[in-house]
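By letter and in written order, the chains are A, B, C and D; residue numbering begins at 1 in each of them.
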Amino acid sequence: MTEPVILFDPYPRSRELIFREGQWERLQAMGRVVGHEGGRMPGDMVDTYLPETVAVIGQTDLPAGRLDRAPHLKAILNVEGNFLPTVDYDICFRRGIHVLAAAPAFARPVAECALAFALDLARRITFSDRAFRQGREQYGLEGNREGFSLSGSPVGLIGFGNLARALLPLLAPFRCHIRVFDPWLPDGFIREHHCEPVALDDLLRQSRVIFILAAVTAENEGFIGEREFSLIPKGSAVLLMSRAAVVDFPVFVRFVREGHFVAATDVFPEEPVPADDPLRDVEGLLLSAHRTAGVRDAFYRIGDMVIDDLGLILQGLPPLRMQAARRETAARYKSKPGRSYEKKGR
Amino acid sequence: MTEPVILFDPYPRSRELIFREGQWERLQAMGRVVGHEGGRMPGDMVDTYLPETVAVIGQTDLPAGRLDRAPHLKAILNVEGNFLPTVDYDICFRRGIHVLAAAPAFARPVAECALAFALDLARRITFSDRAFRQGREQYGLEGNREGFSLSGSPVGLIGFGNLARALLPLLAPFRCHIRVFDPWLPDGFIREHHCEPVALDDLLRQSRVIFILAAVTAENEGFIGEREFSLIPKGSAVLLMSRAAVVDFPVFVRFVREGHFVAATDVFPEEPVPADDPLRDVEGLLLSAHRTAGVRDAFYRIGDMVIDDLGLILQGLPPLRMQAARRETAARYKSKPGRSYEKKGR
Amino acid sequence: MTEPVILFDPYPRSRELIFREGQWERLQAMGRVVGHEGGRMPGDMVDTYLPETVAVIGQTDLPAGRLDRAPHLKAILNVEGNFLPTVDYDICFRRGIHVLAAAPAFARPVAECALAFALDLARRITFSDRAFRQGREQYGLEGNREGFSLSGSPVGLIGFGNLARALLPLLAPFRCHIRVFDPWLPDGFIREHHCEPVALDDLLRQSRVIFILAAVTAENEGFIGEREFSLIPKGSAVLLMSRAAVVDFPVFVRFVREGHFVAATDVFPEEPVPADDPLRDVEGLLLSAHRTAGVRDAFYRIGDMVIDDLGLILQGLPPLRMQAARRETAARYKSKPGRSYEKKGR
Amino acid sequence: MTEPVILFDPYPRSRELIFREGQWERLQAMGRVVGHEGGRMPGDMVDTYLPETVAVIGQTDLPAGRLDRAPHLKAILNVEGNFLPTVDYDICFRRGIHVLAAAPAFARPVAECALAFALDLARRITFSDRAFRQGREQYGLEGNREGFSLSGSPVGLIGFGNLARALLPLLAPFRCHIRVFDPWLPDGFIREHHCEPVALDDLLRQSRVIFILAAVTAENEGFIGEREFSLIPKGSAVLLMSRAAVVDFPVFVRFVREGHFVAATDVFPEEPVPADDPLRDVEGLLLSAHRTAGVRDAFYRIGDMVIDDLGLILQGLPPLRMQAARRETAARYKSKPGRSYEKKGR
C-alpha cells in the first residue's frame, strides 16, 4: 500500500465547522487526506480510494460491497451525533473496524440547556418575562404563586445515557432526589451514580421535574402517552430533550395546553415546525427550535474528538472520546440521517 | 418580671406567611407571645409590653426612648431582608441586643434565579421562545449564532455577600473563572473562595457574564454608569439582581436597547413599573418583577430562622442563622422599609 | 492623638512565625507598630502605649483597668487558637472592641489530619506498616480482615464548629451518612449542612467512624465516658481531635486496649506525655503529638488573617476572617493559655 | 440446544467470596449453572459443557480449540482484576464474545488507600506514631518540621486509567493542581478531566505528591529508574500503587533510604516479601502488603458486576460495569494469573 488514505466526507458538516485552528494540519499529518465538501462524496471517488483507505471521517455509505473493497479500513468516524443505517455494522464488528459517533460532543451543551429549561419552568422565568411585556407582571410573592424552587424538588430522568450523565453534575448542587428509569441499564449501575432506579410509573408519579432524555429505538416510539402523562402530578415541569418520537406528541401538547403541567421542548415531530402550528401559542410551553446541542464549541469538540481518536487508532490504541457503536444496540437506533440540526443520541 | 413577652409585629409579613406547621406552637413555648397583624403594632400596645419584652419579632420602631423602656430586651428579629433605619443600633450594640435580619432566607432562591438568568441569556432561551411564537425561530446552529455556553465562560461578581456565596456552589460545575469586585472585602477572603479579586474595571473588561449583587449603600449609588458599561465586551450578559440604585438605570437600559450587551433585571427604580414604560419592549432585556427572592419556601425559612435563633438567644447562646447587624455597616444600608416584595440585602 | 499605635505582643508566637514576606510591611503601613518578642510584653511598656493604642495583636493581659487606659482601642487580635481568660470581655462587648482569635487558621490542617486518621483507622494503614516491619504482614484479603472502607460508612461528628465544617467538604466524596451531635446548635442549622442532627447516644450507637471535635467548656468536661464508650459498636473507629478533657481519657484508652474500638488521638491529659506512659504501647491507638494543627502554612494564615481583619477594622468595616468572641460563649471556654502547641478552639 | 449453561470456574475466588445474599439465586435464574470450586475446573468437565455454554465466569483456559467447541459462547467474565493470557482474544473479538475483567471493582478501594497514603506521607502520620512509641515524639510545630499539607500541593499522576479516575473526586476538595502523564491518552481527554497533560520529566520535576498508577505492559517495565527518581524534588512523596515492575524497585528503595523522598508502596517485586528483606526497616517507607484493593466489599462488587453484565448480555444488551478487553490492548498487559491477592489492572 502507498500512503494510507483518510477519506473526509463530512457533509452536512464542513471542515470549517468542526476544526479549530491547527486541527486540519494535524489531520493531514496522519495520512493522505482525500476530502469532498458541500455534498456527499461522489460514489466513484469513494470507490477509487477505498483500497488504500484506513479511515473514513463522515457519513459515507458503507455497505458490505464497499467494506470489502477497503481491506485496510480501521475506523469510521461519523461527525454527526447518531449512528446511521448506512454502514454494515456486522462486518465492521467482525473485522474490528471502529464505528464512532460524535454524540458526546453534544452532551454538555444539551445538559446545560436542560438545566436552564428546568430552572426556567420551575421559576417561571420566560412566562414572567412575557407577562411583563404584556403589562400583567406580578411582584414578589404574588409573582411566585405558581413557581417552585428546583432546589430539593424530586427529579426524574427518563433515559440514562450520555446526556443524563452530563446533567448529573449540574444538578448536584440543587440536592434533588433523582429517580431514573432506563430499561437498558441494571439498577446497580444507576445506583453507582447515586440515583434511584425506579419503574416508569413511579418516576412519573413522584417527580416534580421530569427530563425525557431517551433515544428513539424500534421499541420505544411513543412510549409516553395519555396514560403516562396523566400520572404526572399537577403543576410539574416536563422537559422533552431527546426526540419527539418518544412521546405521543399531540397528547403531550394537549396536557400543557390544559394546564396539567408546564413543559419545554427542543424537538418536534416535524421540523421546521409549520408556520401555523397552534403549538406556537401554547402558554405553558417553552419552545426551543432544536437548538440546545448546536453551540459553536460543540462542533469544534467534534473535530477535537475525531483527531484524538483517529490518532489513537492509527497508533494501535483504542479510541476514547467518541461513542463507539456496539453490536447489540447499533441496529436499534432509529435516527434519520443528514439534517444539519440533527442531534445527540442516547 | 412576670412571664417574658415576645412581641410579634411582623407586618407586612404575617404569621401564616412565615411559620410552617408547628412553628407557632414552638414560639409560644418560648414565652408569652403578644402579636398584632394586618398593620404595624399600635404604639401604645408596644409601649405597654416593652417593660417585660425579651424579644421583638418584626419591624417595630425602636428608637432610644423605647429601648430604654425595655430593660430585658435581648433580640430584635426583623422578618424582612434588610436592616431598617427604625432601630437605634448604637444602643443595641452597647447593650448586646442582637439585631437580626432575614436576608439569608432569600440568598438561595435568588441565587437559583441568578443562575437561571445567566443560562437564559447565554443560551438565548427566552429570546428564542419569543422568536418561535413570532414564527421566526431558527434551528440548530443557526439558532445559536448569538448565544454561548456558560460552561467555561469568564464570570464577574460585583458584590460578594450572602448572595454571591450562595451562587458559587451553583456555578461550580460550569468551571468558570470567577472574578470578584467587592471593596469591603480583603483579597484573601475572596481567594479563600477560589475566586480572583480584581478591580471593577478589570472585572468589566474581562467577563462574559456579570452578576451585579451589591447592596446599596450611601457611597455606591449609581456606581456603574456610562463609563463602566462601555468597558463591558460586546455580546456579554449582565444581570442586575440586587438593587436598581447601584446602576445608572436609564443608561443600563440604553446599552441593552442598543445591543451592546443582553441583560436581565429583577429590580427597577420604580416598582411597580409604569404601564407605559418603554423598557417593556426592549428586546435584549429579560424582565423579572422583583420576584427572584419571594418563593413560598423562603418565607417559611424566615420563620425557621426566627425560631432557631430566638431559641438559642433565650438559652444564652449566640444566634447562628439570621444575619446579624454589625456596628460598622448597619448605618450604611439604604433600603426602604415596608414593601411586601422587599428583598434580600447584601 | 498622635499616630495610632498597634501593640504587637505575639508571644509564644513570633513575627517570623506568622508573617510571610511583605506582611510585616503591610502591618507597619497601618500605624506605628510597637512590638516585643521572646516573652510577654513588659507591663510598663504596655501601659505606656495603651493611651494611643488602636489594636493589640497578641495575648496581652487586658483587664478592666488597662482597657480603661485605652480609649481608642478597636481590636484585640489573638494569634493563638483560643479565647483566653486574660481579657475583660464584658467591657470589650460594651465598647465594641473586636476580640478575635486565630482558630480558623487551624481548621483546615486539622480537618486534613482528621480525614487522614479516619482513613488510617478504617484501612488499618499504620497498624499494617507496623506488622510488616515485624514480619507478620498479611497479603490481600487476609490483610483486610479487620479494616473497612470509609466510603459509605456511617459517620458521627461530636461538635459542629469550625473544624467540623472544614471536614465536611473533605468527607463529601466518600458519600457517608453523617450524624451530628452539638447541643449548642439548632437542628435546622445542622440540616442546612446536609447532616442529620441526633442525640449523643444515637450517634454513638449508629456510627462506624466517630470524630470528637467538641471544644471544652465548663459544662462538658469528661462527658464521654464509660457509659458512652460502651454504646459504640465493636470494630468502630474513634478520633479524638479537639481536647483530651472532653472524654474520660483513661476509660477511652482502656476501651482501645481491650479491642472494643480502634482510635486516634492528637491530644492528651498531660503534654508532653510522660516517657513511661503505658499508652505508648497500646496496639489499636494511633498516636499524634498535638501536631495536627501546627503545619507551617497555618501560622502564615494567622498572619494573613490578622492583616486582613485589622485592615478592615481600621477602615471602619467589620472583620471577616478570624473568629469573633461572642458575648454568650466567650466566658465558657476553658482552654489554658500559652503553650506553643496550643490548638484550635471549636 | 438444551438449557444454556453458565460455567462457574472462579478459582482462586469462590462463590462465597464474590456473591452477597441473593446473587447466586439470580445467577441460577439466568441459566444452568455448572460450577467447580477449590481449584481450576477439570479440563474434561469444561470440554463436556462447552457446546451448550453461553457464558464462562472465571479464569478458565480458553484457547482456540476450546472456543471452537463453544458456538453459543457470548461472554467470558473474569473475576480477577486483570486480563490473562489464557484466552484467545482474537477469536473472541471476531465472534463478538465479550471478554470482561473485574478491575473496576477495585478502583474505589485502591483510590481510597491512595489518598490515605498521600495524606499519611504529607502529614507524617505513621512516622509520627512510630516516633511516639519510641519516646521521641515532637509536639506542635516541631512535629511538623518535615510534613506539608496536601491541600494545594502540586500532584502528579503517572497513568490515567480506572484508578486515577476513581482518585480524582477524592482529591477534588484539596484543590491541588494535577499533572498527568499517560502516553496512551490524548491531551484532550486528560484536559476534559481538568488535569494538565505533561511529559514524564515535567511531572516528576513539578510534583510534591506523585502517584504511580500505571499498569505494566511489555513496553513500560522499569520505566521509572535512577534518572527519573533524581528529577523528583527533595522532600516529595511518591506512592507506588499499581505494579512493582513499572519502577526500578531497588533504586526506588535506595532513594527512600537516602532520604531523597518519602514513599509508600503496596506492591513488591516478590510477594510475599522475604522475611529478611532489609526493606522492612527503611524509615521513610510506608509498607502495605498488597492489600489496598482487597476489602470485603470489593469482592461483593465483583459479583454484582458479573450478575449485572451477564444479565445485560443475555438480554441482548451490551455490558456496562466490568472492564471490556479491547483488541488493541488485550495482548499488551503482562499480569500473572492466579495469585489470590492479584490486583486491579490499569
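Going forward, a contact is a pair of C-beta atoms (placed from the backbone, for glycine too) under 8 Å apart; a residue touches a chain by one contact, two chains touch by 3 or more.
Fair warning: this is a prediction, and the values are worked out from it, not measured in the lab.
Counting steps between touching chains, the shortest path from subunit B to subunit D takes 2. For the copy pair subunit A and subunit B, the superposing rotation over Cα atoms measures out at 180 degrees to the nearest 5.
The centroid of the Cα atoms in subunit C and the matching centroid in subunit D are 38 Å apart. Note on chain placement: the centre of subunit A and the centre of subunit D lie 34 Å apart, centres being C-alpha means.
Averaged Cα coordinates give subunit A a centre that lies 51 Å from the centre of subunit C. Shared interface positions of subunit B, defined as residues touching 2 or more other chains, are absent.
Looking at the complex, you find that subunit A touches subunit B at residues 17, 108-109, 112-113, 115-117, 119-120, 123, 125-126, 128-130, 132-133, 135, 137-144, 147-151, 169-170, 172-174, 271-273, 275, 280-281, 286-297, 299, 339-342.
Residue ranges on subunit D touching subunit A, taken from their complex, read 93-94, 96, 184-186, 188-189, 192, 304-305, 307-309, 311-312, 316-318, 320-321, 326-329.
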